[in-house]
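Chain lettering (A, B, C and D) follows the sequence in which the chains are written, and residue indices restart at 1 in each chain.
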Amino acid sequence: MTDMRVNIAGVELKNPIVTASGTFGFAEEYALYTDLSRLGGIALKALTREPRLGNPPVRIAETASGVLNSVGLQNPGVDEFLRTTWLRIKEIDTVKIANIAGACVEDYIYVAERLNDTGIDLFEVNVSCPNVKHGGVNFGTDEKTLRGVVEEVKKVSKKPLIVKLTPNVTHIADMAKAAADGGADVLSLINTITGMAINAVTRKPVLANVTGGLSGPAVKPVALRMVWEVYRANLGLPIIGMGGIMTGEDAAEFMIAGADAVMVGTATMRNPSAAKEIGFELEQFADKIGLERIGDLTGSLNIE
Amino acid sequence: MTDMRVNIAGVELKNPIVTASGTFGFAEEYALYTDLSRLGGIALKALTREPRLGNPPVRIAETASGVLNSVGLQNPGVDEFLRTTWLRIKEIDTVKIANIAGACVEDYIYVAERLNDTGIDLFEVNVSCPNVKHGGVNFGTDEKTLRGVVEEVKKVSKKPLIVKLTPNVTHIADMAKAAADGGADVLSLINTITGMAINAVTRKPVLANVTGGLSGPAVKPVALRMVWEVYRANLGLPIIGMGGIMTGEDAAEFMIAGADAVMVGTATMRNPSAAKEIGFELEQFADKIGLERIGDLTGSLNIE
Amino acid sequence: MIKKHFTEKVLANELIAQNTYLMRLTCTEDFLRIYRPGQFAHIEIPHAKDLLLRRPISINYVDFEKKEVHLAYNAVGKGTRLLSLVRAGDMLDVLMPLGNGFQLAGDMKRVWLVGGGIGIAPLKSLYCKYPDREYTAFLGYRSRECVYEAHDFELFAKTHITTDDGSYCIRGFCTDVLRAELEESGPPDVILACGPHVFFKSLAKVVGEIPTFVSLEQHMGCGTGGCATCVCKVGGQYKKVCLQGPVFNIREVDSLYD
Amino acid sequence: MIKKHFTEKVLANELIAQNTYLMRLTCTEDFLRIYRPGQFAHIEIPHAKDLLLRRPISINYVDFEKKEVHLAYNAVGKGTRLLSLVRAGDMLDVLMPLGNGFQLAGDMKRVWLVGGGIGIAPLKSLYCKYPDREYTAFLGYRSRECVYEAHDFELFAKTHITTDDGSYCIRGFCTDVLRAELEESGPPDVILACGPHVFFKSLAKVVGEIPTFVSLEQHMGCGTGGCATCVCKVGGQYKKVCLQGPVFNIREVDSLYD
C-alpha cells in the first residue's frame, strides 16, 4: 500500500488530489455527490473584498476536449462568506484552501487578513486578474507586478501562500521565480489559457464576455510542459499541477513532471465525484507499480 | 455563387484555404490524394540554409483533440530543394509559399535570396526558432529580436513577406506590431503552442525531444482569440489565421475573427484531402448565407 | 445521502416529430421519491470524449409504475445529434433530478400550462405528480411536422394548439390564445411556462398579477451548483439556473422586463 | 490517378488470440492492382474525434478472389482498443496500401520469414503475392495464449514456432532457432523480418551477409509523407517509415548496430 499523504508547505494532505478553485463551488454543493473527506483538499471559489456580480451569461462554451469559461469571479465577498457559507463548511475533514482575488494589492490584503484567523489551511493567490491601478495589466503577466503583490500579501498572511500562475506568458519559469522571490511558499499552475469561441452562423462570440479561459484535456500538454519548466527552475518550492486532469494516470503524469500535488477542475463538471475517483485511480496506479510514497513520483521524469 | 478569391499582399488566391507549412511536405506527396490546383495556396515545409537532420524520433504524440510534434525543421536545405523538388512542383497551379527558418539572421537572408528569383509567390518567415547568436532566445518571443529579423529579411526580399507568429507569448498584438514595424506585409498565426506528453508507466516523455508543438482542434480557441487580438490591433496588414481548422465552418470562424485567409495543418494528417474539402465546405457555407465575396466575412464578428 | 448520479439503461429512443426524439430511461426508487415536475436530467454524451459537457434535458414525464423517465429533445447540435443515435439497451450516465422544479401550492387548482416548441416537454410532467388539478394547456408549435405529444395533453387538459404557419390547428402564437382565454374565462391560479426567450417576453406582457413561473435555459457546466456558469439575472443577482432554477417567478427575471 | 483513400466495410472483427484481433475489410480493384506484401493500412479510429491520428496496421493477408483485406492487431492503447469494438457492417476510413513493402527479386527462391509477436502478421501476406517460393517461417510468440495464425504458415512454409515461456512448441526465441537452422541448412536467398526492436537487434547479430529486410515501426502522423514525423535513422539520414519504409535493409538501420 502506497502512502498517499503529501506535505505542502507544512500542511499535510491525505492524498495529492485537490479540487481546483472555481469548479467546486464552496464544496457544500458536492456533499451530495462525493465523500468530501476522501479528498486531499478543496480550493474554494475565488473570494474578493466586495461581493462581485460576475460576467453576464453566456459564461461557458464547449470546445474540442476543452471548456471556455468567463464566470468573472462571481462571489458574495469575503465578509458575507465568513458570515454564512464558512460556518457550514468549516468542519469538512480535509484541507481547505481559500482562493484570493482582487483588483489592487489592498483588495488581496483585505481578504487575506479577514481569513487569517479562520480554519483555512492555505491561501491561494489568484493573479490572473487585471490590476485596475496599473492600467489593467494582469497581475500575473508582469514579473515586477507579480513579485510586488506576492510580497505584500505575504507580509500579512498567517497561512502558507500558494501563488497560482497564469499560463498566458512567454516564460513561465520567470514568473515562477518572481513569485518565489516575492515570498511564495507554494506554486500552483496552470490557470486557464485565454481563448474564444465564435458561432459562425450568428457571427457572434459564444461567450457574452467575448473571451474566456480554456481548461480541460485540451490544455494538458501545455500544463505539463509548464509544470516541468517550473520544476526544472529549481526554486525549492512545492508545486501543485493542474490542467486537464481526468484520470489517475493524468495525475501521475503531472507528478512525474514535478508536481507535489494536483488539482482537478473541469473533470468535476463532467463527473461531480471525479476528484475522489481520480484519487482512487492514482492510488491503484501507485500500488501497481509498488510505490512506497506517492511523493516518490514527483519529478521522476526520466529524460536520459 | 460567392466569389471565393482573396488578395493577400497583391497575390491572388483562388480561395482562402492554404495548406500549413510542415504538414503538407513539399506538396508533391499529395498529388495522389487531392487536386492541388483546387487549393488557395500551399505553404511548403520550412527551408533552411544548410540541410537539417531534424530531431530524433519519436517525433509525434497524440493528445486530447491535439497533436504534439517535434520534427525540428528536417529539410534538405534550400540549395538541394531548388535543384530537385522545386523542379517537380513549380508548375503546380496554385500560390506557393516558401516557409523560411534559420538560426541567425544571415540564415534567413541566405534562403530568401536563393528563392528571390523563383516562381515562389510569398515568403513566410518562421520565427519560432531559437536564435543561436542571441543565447537561444526564440526569434518570435522578443519584440526587438523579431523586428530585427523581419527588417533584415525584408531588405533583401523580392516577394511579399508573411511573418508567422508564435503563440508562446504574453501579448500577441505586441509581437504583431513588432513584425509590422519591421516591414511585414502579412501576418500568419498561430504556430504551435509548446507542450509535452508523458508516459506515466515508463515515466518518460513520449517525444524524444521532450517538448513539442501542440496543434489541432485543442488549440483552436487560443488561435481564434489571438487572430482577433491581432485584428483589433488595426495594423493594416492582412492576416492568415490557423490552428485546429477541421471544417469549413472552422475556417469561417477564423475569417469572422479577422483572417483574410486561413491555413490547414493537422487536419491533413487525418485526411490528406482535408484542405480541398474544407474549401468546398467554406464555399457551401458562404453560398448558403448568400455572401457576395468570401472576404466579406473578414472581421465581421458582431460583439455589440 | 440522496443519490443523484446514475447509470441508467435506455429503453427506447425514437423520432416523434421533425427532429424531435423521445427517450425512455430506467430510473431508481431514490429518483422517484424526490422527483418534482420541471426538474431536469444532465446527460453525459456517450463515447464522445471531445465533448466534455453534459447536456441538460427537462424531464418530460415520469412513469411511476414502470419506473421510467421520459425525455423529449430536439437534435440541434453536436451533443443532441449524438444522443439521437443512442440505441435501446445502451447505458447513459445521468445526473437527475436536478433543479428546483415547479411547485404547486395545494390551493392552486386552476393551472395553465404554456409551452412553446421543445419547451412544451417539461409541462407534461405536471400531471404525473399533480393529477388532481384543472389544467388548461396552450401549446405553440412551429408547424404541423413539429407537433409532438399534443394528444397526451388533451387527455388531462383543455388544450389549445397553435402553429406559427397555421399548418395545424390555430395559426399564430399560443400567447395570443392565452390572452383571449384570459378575457373569456378569467385568470387561473397559476401559470407555468416554458419556451424560448421571445415567448417569455410576450408572456410577460400578458400575465399581469397572475402567479407565473417560467423554466429558463442557460448554457451549463456542472449542473450541480459548483461552477457558477449557468446564471441568469433574477432580481438583480446572477442566479444559478441549475440549482436555484430552472424555474423562476416571471416577474423576477430581469431580462424579460428591460 | 491511383486512389489510396477509401471507405471500406468491415466484414468481421474477431478475437483470434489473447488481445489479438483479426479484421476483414472489403477492398477495391484499385487496391488489388497495386498491393505489395509488407504494405500497411492507415486507419481512422471511427467516432473518436479526440483521437486525431490514424493508426498504422500492416496488411496481414489479401484475398484476391473475395476482394478482402485482413488485418491482425493487438489492442494495446486507446485507438486499437476502440478498433476492437468495431462491428461487422461498420464502415472504416482507410488509406491503403501505404509504404514500400517487401520486394522479392525473381531469383530469391529460398525465403525465410522471421516474425516476433504481432510482427508475424505482415509476413503471412508474402504467400498471397509470391506463392511460388520455398518458405521457412520462424515465429516467436510470448506464450500459448498469444499464438495466432501459426497453422496458416504451416500450410505454405516449413514452420518453427517458439514461445518465450515454452508453453507452446519450443521454449526460447525464434532467432535462436534461426541460428541453428542456418548452421544446419545453410543461408536462404533472403530473410524478411518483422517484430520489436530487441528482436531485430538479435537478428542483426545472426544474419551476416544474407540479404535481410526488416519492417520498422514508428509513431506516425499523416502516413503519406507530408509531416516527416515517422522517421527512423537509416544510413545516417532520418527516413520516413511511411513512405521510404516500412521495409528497410537491416544493415542500413543505424539503431540496430550501435
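Note that in this section a contact is a pair of C-beta atoms (placed from the backbone, for glycine too) under 8 Å apart; a residue touches a chain by one contact, two chains touch by 3 or more.
The structure presented is a predicted model; accordingly, all values stated were derived computationally and were not measured.
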Remotest chain, chain C as reference, centres from CA atoms: D
Rounded Å distance between chain C and chain D, as computed from the means of their C-alpha atoms: 56
Chain B to chain D: how many Å between their CA centres? 36
What's the distance between the Cα centroids of chain A and chain B, rounded to whole Å? 34
Where in chain C do residues touch two or more other chains at once? 49-50
Please set out, as single numbers or ranges, the residues of chain A touching at least two other chains. 64-66, 216-217
Chain contact topology (line, ring, star, complete or other): complete
Could you list, by residue number, the parts of chain C that touch chain A in their complex? 1-2, 4-5, 44, 49-54, 93, 95, 218-222, 224-233, 237-238, 243
Quick one: which bits of chain C touch chain B in the complex? Just the residue numbers, please. 49-50
Contacting residues of chain B [partner chain A, same complex]: 63-66, 68, 141, 168-171, 193-198, 200-205, 210-211, 214, 216-222, 224-225, 228, 244, 249, 252-253, 256-257, 285, 289, 300-304
Going by the contact rule at the top, pick out the chain A residues touching chain D in the complex. 64-65, 217
Show me the residue ranges of chain A that touch chain C in the complex, using the header's touch definition. 22-25, 29-33, 45, 53-54, 56-62, 64-67, 69, 71, 74, 206, 216-217, 266, 268-273
